[in-house]
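Think of it as A, B, C and D in the order they're written, each chain with its own count starting at 1.
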């Protein structure tokens, strides 16, 4: 049972601020990648006079760039923010760590609000930059690309968020780290590259969400509210499932040392 | 001589479960990448009305995305599963570690069954998602692309699985790790990127197997049983060869401390 | 308040030399990638007779190669140069570490001069190599690609350099490293991949600078001085902002141990 | 002054064998990537009947795949072979370490012969696999792509091999590692990614050699001896330059502890 409250001291608000800033930068970088990548620029001199070409087809090249942007952003931002807030940058990760009894309810709520607000600011800045390519890319909003059904979108988001939260739980389990020195050192890389995998799989299906702050911010700024419930229920389903599986089947101390101590 | 049996306690079944889950996720992610990447979506608004284009040509862009998906999946899943089961996710790796006397016969058999079953479930989920692009991609089944001969396919699978199992043996040899601190820390990355290399080499040859659970599951779900024997004999040949070379030529303690002790 | 002077001994000049050499290699590698990548060579035999095709369109494939070249160069050069000079390779990073009180004024000035001179030499070598593709690529000079405004270019450079300098400050804060063993080990990778992200975002906007030595050297060698002030003011704004945010909000010892001691 | 001889015991020949095997696998993987990537396969069912298309244009997508194959191969093979032989896999690296007084003359000679023989076997296997695409790719032999001059090719190979050998010297300097824990752990990754950078820069210039065993083996198997001297003199020039710069300017103990002791 997670604690309801905790001391809201300076470190607490520093952590909330880190979640706000990291989610802002995360969505500024990633949505910019999706939007700016639509513009193919012919940079032969005189470059300023060349006409940028707008083409938002999600072919394998653009998919790779977008997926790398999402995955590597999470790597570097988890790397930098972990010491302040744990580096969640995602309400589904926060929910998972709440259910796994690693953070309090009040911290989870403040984190989620900070993530959503940070995400809104990050995406709003992108929109100001290049309205034409922003519109051409549909604001990079999540949506069900044909022939994906709502149930299919929900399932895809659930499975991929399950992977992400399972990775976070594995990476942050300090008891396992005793026997596995690679775990804490490679943690930000493994978490970031799991986000990469989710995108290389699901961009053609749902534009890949796995993060309600991303789904909500992109929808709110673009006005495309298509299937918004999926971008919350899917990632949260995956987080809940990951905690259940991890706690029931895979915790190293299942019925073990900690409960006996 | 490996042990035949071992105590089948809770940790044993946790390990078998980890192999099942990791192979399921591995093939869900990778076969999805191969299948979904066939759909080129024009995401200009209104996106839902746009016609997805199906094109499964294995050009350099798609090959890179698929190879990254296989390699990085192995990195993150070995990262997460290593503490439970060692993170084999591949019957050829399991065979190699059995022959290298690191696991018992009963564990090897349970792992292999779990890997094949997990693989079947993972690929079966992919097929439900997008039957049209699944069919267009031929279910990502392994096959001999012209002008590869059966002997050539066998050889290619043997060489590349040799690389993988040699890497696993090097990465997990705790005696070598004493003098080489990078070995345990970078182990999941080196193993995963070896899988990447195998795919960037062999996708145009055999669609790259190096893992009988992958070859069998993709064949069983798609019904394409072309050259199925190669996807078992090739990886197993490579694993046997790797153990022979490693044990005879490269073991740090060859004729050394352990045998004298 | 940073120290004005320091002992200019052999180690000091070794550090300045490392900055010169690392920036030279950095810009030789990265500008070469941007320029050479313009040439599409048909390598069917007899290759020497084939006509190289010059096409500098910044599509997603070229953007990825260029962004990887910038990011991975910074990774390997920070890796190698860190022990001598800290591995700045960028006047904006040097400014940030000066303002964060980690280096002296005299060291900052010598570093910046060495970086600019190294950059000039590196780009000048590239120009000698292939004048045709160098010209076709506009010398890879930074410029405002339509429809980016000067204010937009400044803002983009500020945000992305903020990310870079924030990462450097996080990675090099030895007090935080006590609790986070991944910080020093992954530092060069996190810094390098932040540079990758900046380029995958901003190549279609400003060709991505975030480094006045890069902006100046590319302009001086190509003669394209378009918006040169932005390539200094933008990165420096980002560095100043990063130090302010880090020192005020995120320093682990804010109002803490160090100031009390 | 390096030692001329050393005890040629079992470990010595194990090391030579590791260089042979690692170079064999290195060139099998990388030349296969360059050759197989020429075949674009339409894998729509029935795949076996589809006509493979041969197109060896070195566009940005193929360049990336080939550069990743070279760089990541070096990463994983250095990772696995370092404990036996140091993981040179390249006569230029061996020359550099000989001149830096880290290995004996007899070891250097045996390593170089093993690397060249291993390379010949690796490339010869590739040629057997797919003679049509092997021929179409010109056997991936090094050559001067227009408008590169012999002097330009020499210079490019010198600069890029300088980077590689400088990285190897930095990564393996055990005295520096005391203060920089990231150095030994990330060493194989930094060395491998330096090889990646060399290829992303120089594939359009010389097809990128930086390794006489690669240049010689590709020439001998394909019969394309174009500018063979460059693939030896260039990498060796770079190695000599790196040792000079490192020993004179950057050795941590220059005129220091070791010489006084």
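Simple rule for what comes next: a contact is a pair of C-beta atoms (placed from the backbone, for glycine too) under 8 Å apart; a residue touches a chain by one contact, two chains touch by 3 or more.
Given the structure is predicted, the values throughout are model-derived calculations rather than measurements.
Between subunit A and subunit D, the least number of touching-chain steps is 2. The two copies, subunit C and subunit D, are related by a rotation of 90°, based on C-alpha atoms and rounded to the nearest 5.
A separation of 27 Å divides the Cα centre of subunit B from that of subunit D.
The set of subunit C residues that touch two or more partner chains comprises 59, 61, 64, 185-186, 189. Contact topology of the protein chains: cyclic, one closed ring where each chain has exactly two touching partners.
Subunit B makes touch with subunit D in their complex at residues 56-61, 63-64, 135-138, 143-148, 152, 155-156, 159, 163, 166-167, 170-171, 176, 179-183, 185-186, 189-190, 193-194, 196-197, 200-205, 207, 224, 226, 245, 249-250, 252, 254-255.
Subunit C meets subunit D in the complex at residues 10, 14, 17-18, 21, 25, 28-29, 32-33, 36-37, 39-45, 47-48, 50-52, 59, 61-62, 64-65, 68-69, 72-73, 75-76, 79-80, 82-84, 125, 128-130, 132, 184-189.
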